[in-house]
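We call the chains A, B and C, going by the order they appear; numbering starts again at 1 in every chain.
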């Protein structure tokens, strides 16, 4: 039954993004930046984990999850390795996602063409 | 200044003149599509956990995101994602799939300028800020964490 | 007292030939029956949209010369401009023609700018035959001014759709066709609009300024024209213009309209309407000139507007300056039939779409 929660929370987060678009007229790059920052903040104040506990994909799939894992990585890195961990931790934790986005973008850019509307 | 006042008055007038569209339909669409994308993510995660029960939760999430990124990138390539985006707005921008779309779409768009100057250089024109803010903010958090 | 901005032409140069070429979407719009050529696919057989835009230009220029029953060697000068950086579409297209060339940039007002400059040069007896051409392409404009095509974002209700199309016409003192009688050169007007998705509002004050200057200089009123047409203010922009004119004591009636607003059908759902150089250029070179030739329109005030902005300036927080040039085109009533009599004997001119296969 947790799928209902995933749907409701995920949908709600996305709806917040849409509200930002409608009421403040900002572009998608700014929305992504805003939500990444929200994710970093949630993690920094240790509230991401309890939300993630029952929201699962509802909070991990939105870009908030990406921001949270960046912050989580940096925090864990700082704890285990000290200063260098604060540098490396964030990207280490999210390297998979960034690399995947780059690799697939490259492959599909070679295969497909952008279509006119 | 006279001109400044005129400009302000004109801006106010234009703002009032802009047709108001109903917000609810688009909010509902974004809710629906965003929720569905998250459910797909949850489904993928559950399947991974089902097939590889020994996998650490964090690794499973990483795979889940990679699968979603792959799907979004592919849908962008075949020209479907922007149609979803037109319908869903924030519903398809906020999930990680929107991040993938914002990397794949400029890569496709600037293909004609060559692989290095087109695809490589332009790939992060939209998503670059996301990575920069993420890295800087997480570093700051890590640094603060170091001292407390 | 403001300086005079209007030129009255003594010799009244004629528009002796015109040609319009549009993309598939525009070919389903309200002006569909009037276009000379509708592309099946807007890449026009080229591998990039910039090249397609350039090819549209070549196509339009050749078409207009053919339409005027002239030989390619008869042309003295080419006046052209477009929206892309360094106006590459027109300049690169001009490589293929053996004419003197002046590149113009007036953003979406380029059609009127080229007509006004061309008519002045002909009226002064400096040149015999001048070709004016402008155009725009949705996909090239989108990438330069907005986002990649495949990015999944929504367009705000005030945004406009850049028309894929190019229009070209031949000006000359000889031959038959509607005459350019007056031109008002506009000033750059900026009333502090920052929103790049609301070009209509940014350009409307410029249209108002030029319109007021025109009526003042020529001592005419809106009722003196069968049609007053702005370029691409869109639905919102043209409503603003009507309000602004009313504030200045000029009432625009049913003879006023806007190309961008009229361009697409309701079902195409183009929000605030069409925009781009191609918007006013294709409407002028199809519908308006057609009606002027037949005598169904007698006197038209054609005044496309342009937003002279760049993405760099916008990102640095600059507001959007607008410009508007106005040209008065009148039907040559004594010779209404002559043009069509001449055409009926020629095979070159065909209004039905798709008859012309190649640009060359």
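The working rule: contacts are C-beta pairs under 8 Å (C-beta built on N, C-alpha and C of every residue); 3 or more make two chains touch, one makes a residue touch a chain.
Values in this document were obtained by computation on a predicted structure and should not be read as measured data.
Of the two interfaces, A-B and A-C, the higher number of touching C-beta pairs belongs to A-B.
Averaging Cα atoms per chain gives one point for each, and the point farthest from that of subunit C is the centre of A.
Averaged C-alpha coordinates give centres for subunit B and subunit C that are 37 Å from one another. Rounded to whole angstrom units, the spacing between the C-alpha centres of subunit A and subunit B is 9.
In terms of their C-alpha centroids, the spacing between subunit A and subunit C amounts to 46 Å. Counting partners per residue, subunit A has 21, 28, 114-115, 117 as the residues that reach two or more other chains. Residue numbers of subunit B whose C-beta contacts span two or more other chains: 26, 76-77, 79, 82, 88-89, 92-93, 98, 102, 104-105, 108-109, 126.
Within subunit C, residues 147-154 each touch two or more of the remaining chains.
By the touch rule above, subunit C contacts subunit A in their complex via residues 42-43, 49, 138-139, 147-154, 156, 164, 195, 197.
Residues 47-48, 50, 143, 147-155, 157-158, 191-193, 198, 201, 205, 236, 239-240, 243, 319 of subunit C are the ones that touch subunit B when the two sit in their complex. Those residues of subunit B whose C-beta lies close enough to touch subunit C in the complex are 4, 6-8, 10-11, 13-14, 17-19, 21, 26, 76-77, 79, 81-86, 88-89, 92-93, 98, 101-102, 104-106, 108-110, 112, 126. Those residues of subunit A lying in contact with subunit B across their complex are 2-3, 6-22, 28-33, 35-37, 40, 43-44, 56-58, 60-67, 70-71, 73-75, 77-79, 82-83, 85-87, 89-91, 94, 96-98, 100-102, 104-106, 108-115, 117. If you check the complex, the residues on subunit A that touch subunit C are 21, 25, 27-28, 114-117.
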